[in-house]
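Next come the structures, one after another.
In what follows, chain A forms one complex with chain B and a second complex with chain C.
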Partner chain A sequence: MSDAIAIRAPMAKVSLGKFWIVPPAALLALLFFYPLALIARQAFLDDSGVANAAEIIRVLHSRFFLNALINTVTISVSATAGCLIVGLVLALILAFVPFPGSGFIARLIDTFMALPTFLVTLAFTFLYGSAGMLNAGLMETFSLPLPPVDFLYSTWGVVLAEVTVYTPFILRPLLAAFSLVDRGQIEAASVLGARPFRIVRQVILPAAIPALIAGGSLCLLLTVNEFGIVLFIGAKGVITLPLLIYGKAIQESAYQIACIIAVINIALSLGLFGLYRFAAGRLGA
Partner chain B sequence: MSAAAFTGASVMDIDAAKIRGVGSNVHFDKVSVAYGAHVVLHPLTLDIAPGEILAMIGPSGSGKTTALRAVAGFVRPASGRIRIGATDVTDLPPYERGLGMVVQNYALFPHMRVEDNVAFGLRAQGADKALIGERVKDALATVGMATFARRYPRELSGGQQQRVAIARALAVRPRVLLLDEPLSALDAQIRRNMVEEIARLHRSLPGLTILYVTHDQTEALTLADKIAIMRDGRVCSHGPTTELYRRPPNRFTAEFLGRANLLPVTIAEGVGSKGFATARHGDVILTSAGRDEKAGDKSLLCIRPQHLSLTADSEHTNRIVGTLREVHWQGELTHLVLDVDGTPVRVSATKLPMALPEPGVKVPLYFAPADTSLLPEDAGV
Partner chain C sequence: MLVWSRSGRLVLWLLFALIFGVLFLAPLAVILLSSLSDQWNGVLPNGLTTEHYTDVIRGSAWNSVKASLITGFLASALALVSGTWAALSLRLQGHALKRLLGLLFFIPSAVPSVSVGLGLLVAFSHPPLLLNGTVAIVMIAHFVLISAFTFGNVSAGLARLSPDFEQVASSLGARPAYRLWHVTLPLLAPYLVAAFGLSFALSMGELGATVMVYPPGWVTLPVSIFSLTDRGDIFAGAALTMILVAATLVLLLGLERVTARATGS
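And now, the complex of A and B:
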């Protein structure tokens, strides 16, 4: 009798694991990348599918585009700088100068992140608008014929509103970073003769640089793409890229121009994001 | 290669003379600290002489770190004054007190190189560049870290980081050096080495006044000229290290500073001209060094485990008998636990008879009167 044992070759197992990625990837492609591709196609090709470089160059050299670009950069850089300064000062106070209710105030500032951006703008209109509380009070007190404060309907009104809305985006990561700063380092620095300003500059801030970069980059991205605040304030002549896209697409039905500007806006955002990732990688954020 | 490598001397000996500062005395004048209604430090009056190492030891929450932080300026006394030298520093901010401080977790600045960490205090005090370079070099040489000047703290071991922290504190030539459990984060072997290094460092810097807070009695016994034992926010004993160890004034001190066997006794004959008293423990008469005990007083006879012997000689004239309960061999030492009339008695012996008695056997123990002390039965219990 043969002792041979039939050895069955193991069946190749079909792993289904890698296919789980297909449905979400398809959904993402359908809902996100396909519309993006349509915008890019509309921007770079004319109706007959031929590359349309002349129109792109015309838009890039147009006054309305350059004004919008300058406004966008001015507002976003100013607002981000403002957010960094206000956020840093607030975070330092909340983290290192404890006072009764500091925790409540930190949480209250946090709630700003949950509110729609136009709400702050609306509140600003009530406070600083032509018929707002400040102007009404000043006009009544000093018998003025016209509202003396009219910065709200300018670039700086938009900047102030954006600083108010986006400061929590700096404050939150800074508070998290400050909570990790070893109090022993601060005390050691103080005993060694360092005054508070030196301690902030040489001990606390270096520990907070990754958080500052992360928060600042996020702020810059959000302010570059901010639409609601600029639209709601309705400042004369303050047209940013998102507002220009809206105006060209919805009000003028100039879809190709809108798409060209949209592509530039996307490139700007992705460039900023790339810069953030590079800086964060270098500094360990 | 450092000079220490050639001489075999401690690295901390090198160039230490260059860092000699003029130490100041520290005076606590009825200093108390409270958080709201909770008093964490009861009025404390204490002096640390110039050049002295005072170790404050005690269990957690005893107030020792609070006292140190009050000297540093991080805790504001509810009452009392603190003087360093002739200066009343009670109302001064920490950066104006002229101190150095080393804490448990080193607290080095992680983004600065070792040399910048050491230079930090000098830069903060506005020293000129040449002086900073010289002092940094000297301080790093003193702690044997001169070759690590360009490293970042993350590239150093715990022991090396602690040396840098000490160099950083020494570089500013502090009037007083505050050490807050500086060795607690190190493992046992490195801790032992660092205790010896700090002892050598202080011998090289005899003028430096040090307030050393620890919960480790070995560190305190090795380093301190004087010890203050803290309990519940109060100093329960204070005195020269050897005196406090040999003649503890109360039960808490006896048991906190090393191990102590405390036998309840009744004084039979008060302290005589030679400083010895006779005491009765059950039916046994014992002779002990005493203070001012009188016949009939209830006392505790304190004898350290290493002073008990299993063999009699001309010095070990006191004899008690106990029942052996446990034997723990630990290489260099063997620990025996005996029951002497219901009181557990520990013996630490380096040399034992070849044939160790079995647990349950009655064993005689001998000790010298000079190695004992008497404590009031109710003091510090």
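And now, the complex of A and C:
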């Protein structure tokens, strides 16, 4: 159904072809947009169908909501910053100081994207938990009475887990951008005596900025939406917006409160999605 | 080559090995090790055993594997049909509508999975659309969450397709249906397989929407792993996680081989 046939075909046929989009669009509308609209409805109206702002204001001023919002933003921004730094370092080495097998390693990191996110949290329990390898090692070596490393059940445990899980999402666009950098330019600069740090700053980084912005905004979106990592760490003090929605709806059966928080979480996510599309659009241009 | 000195390169490679080892290799290795360890009180496990695997396999693990595979397969198949259909029929739209609809098809990937589950609970808990408590609602949740990825993959493939083949086919008199079946879809096949594999992998690891909607008799692998670790049975959880990782990797590698054979590379 290419454009060529569309031009030659009579008008009636063209407008008929436009209706092919209806089945998948209707399916998505029923299964996704309709439930989304109902979340908004339940958030803004009470059971009798009257607009009810009092409940919304109460939730917005509640301690649990504000804590979850602050946690979500802190974790998301810190994890994204971590992903950008780690992703940039790994990508620079993979692309410009390659070693035997670096292509294989890049693909291996790629497959991390297909694995469930909670895997990393579970592994961290064995590595950095109070009875984990690191603590056991330190306690044995320095004969300490208590486990010295205690960051796993805090915001930083979640951040470190998210850096592991989402760095590949930065690495992939960065490697694609680096593959377009002219190697001759780098060799010329290096022959002329430019130090590696200067080449990175003046030649490589400018080429990487669009990829960093696109990857970074995707990371912000994914970390705001992340659920499995936070659930598996299960620290009482680390509640994010998705976890709060789950708690309110499933554990407390407080559906209206869950819907109010969901509306805010979805609005935040859609804003970040817009940022990502904008950044990715500029990257493609 | 950016760094010419041998020592400089060695330092960078060590840095890479350190980051890669700590962030990526250690978690996978430690999950594998813990799934095989007897007891773990010190730096290393006290002994090795396959007991956790036999335990979870004798327990409800097999049901979870089955639930995950069936959910993944059906949701991915539906997402593949709907995503391919959407991507193909979007080409018939005008420019403005094409952009708008394309954006709408992507939105499910941006919405937090827990909210997708919440929406399904709110929408389908009353007659006439009473799906709450059925297996169907799990499938729907997975379908919604992966549909954007299949749509995106197929659209990307379609954009890379050379229009020449289709134009030649239609100038030779091929009707639209014939051309779609014998020209466009075969050319798209590698992207379709890749899209199916990615959706399947995402579905296998899905947790957020599933914990919101799953009925008691349909516990997927991630939910099963969570209830094991939540009870403190972290070794069995690790064993089940390894089963999930192995299933996902076998699936992805298998599909990659199919694609490689189909494209003749």
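In this text, the second predicted complex is superposed on the first by the 258 of 285 C-alpha atoms of A that agree within 3 Å, B and C clash if a C-alpha of one lies under 4 Å from a C-alpha of the other, contacts with A are read in each partner's own complex, and residues count from 1 in each chain.
In this section, a residue touches a chain if its C-beta (ideal position, glycine included) is under 8 Å from a C-beta of that chain, and two chains touch if they have at least 3 such contacts.
Since we're looking at a predicted model, the values are computed, not measured.
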{"item": "First, second, both or neither for A:R198, with chain B first and chain C second", "value": "first"}
{"item": "Touching partner for A:V158 - first (chain B), second (chain C), both, neither", "value": "neither"}
{"item": "Partner chain(s) touched by A:A208 [first = chain B, second = chain C, both, neither]", "value": "neither"}
{"item": "Touching partner for A:I233 - first (chain B), second (chain C), both, neither", "value": "neither"}
{"item": "Which superposed partner A:S190 touches (first chain B, second chain C, both, neither)", "value": "both"}
{"item": "Partner chain(s) touched by A:L119 [first = chain B, second = chain C, both, neither]", "value": "second"}
{"item": "Which superposed partner A:V86 touches (first chain B, second chain C, both, neither)", "value": "second"}
{"item": "When both partners are placed on the shared chain, which of chain B and chain C touches more of chain A", "value": "C"}
{"item": "Which superposed partner A:A106 touches (first chain B, second chain C, both, neither)", "value": "neither"}
{"item": "Set of chain A residues, in rising order, touched by both chain B and chain C", "value": "187, 190"}
{"item": "Chain A residues within the chain B interface of the complex", "value": "182, 184-185, 187-195, 198, 202-203, 206-207"}
{"item": "Of chain A, residues touching chain C in the complex", "value": "1-6, 14, 17-18, 20-21, 23-25, 27-28, 31-36, 38-39, 42, 86, 89-90, 92-94, 96-97, 99, 105, 108-109, 111-112, 114-120, 122-127, 131, 133, 136-137, 140, 163-164, 167, 186-187, 190, 196, 199-200, 221, 224-225, 227-228, 231-232, 234, 241-243, 245-246, 249-250, 255, 258-259, 262, 265-266, 269-270, 272-273, 276-277"}
{"item": "Sites on chain B touched by chain A in the complex", "value": "72-74, 93-101, 103-111, 120-121, 124-125, 165, 168-169, 172, 178"}
{"item": "Chain C residues touching chain A - in the complex, by the definition given at the top", "value": "1-4, 8-9, 12-13, 15-16, 19-20, 23-24, 26-28, 30-31, 33-34, 40-44, 82-83, 85-86, 88-93, 101, 103-108, 110-116, 118-124, 140, 143-144, 147, 163, 166-167, 170-171, 176, 179-180, 184, 198, 201-202, 204-205, 207-208, 211-212, 222, 225-226, 229-230, 234, 237-238, 241, 244-245, 248-249, 252"}
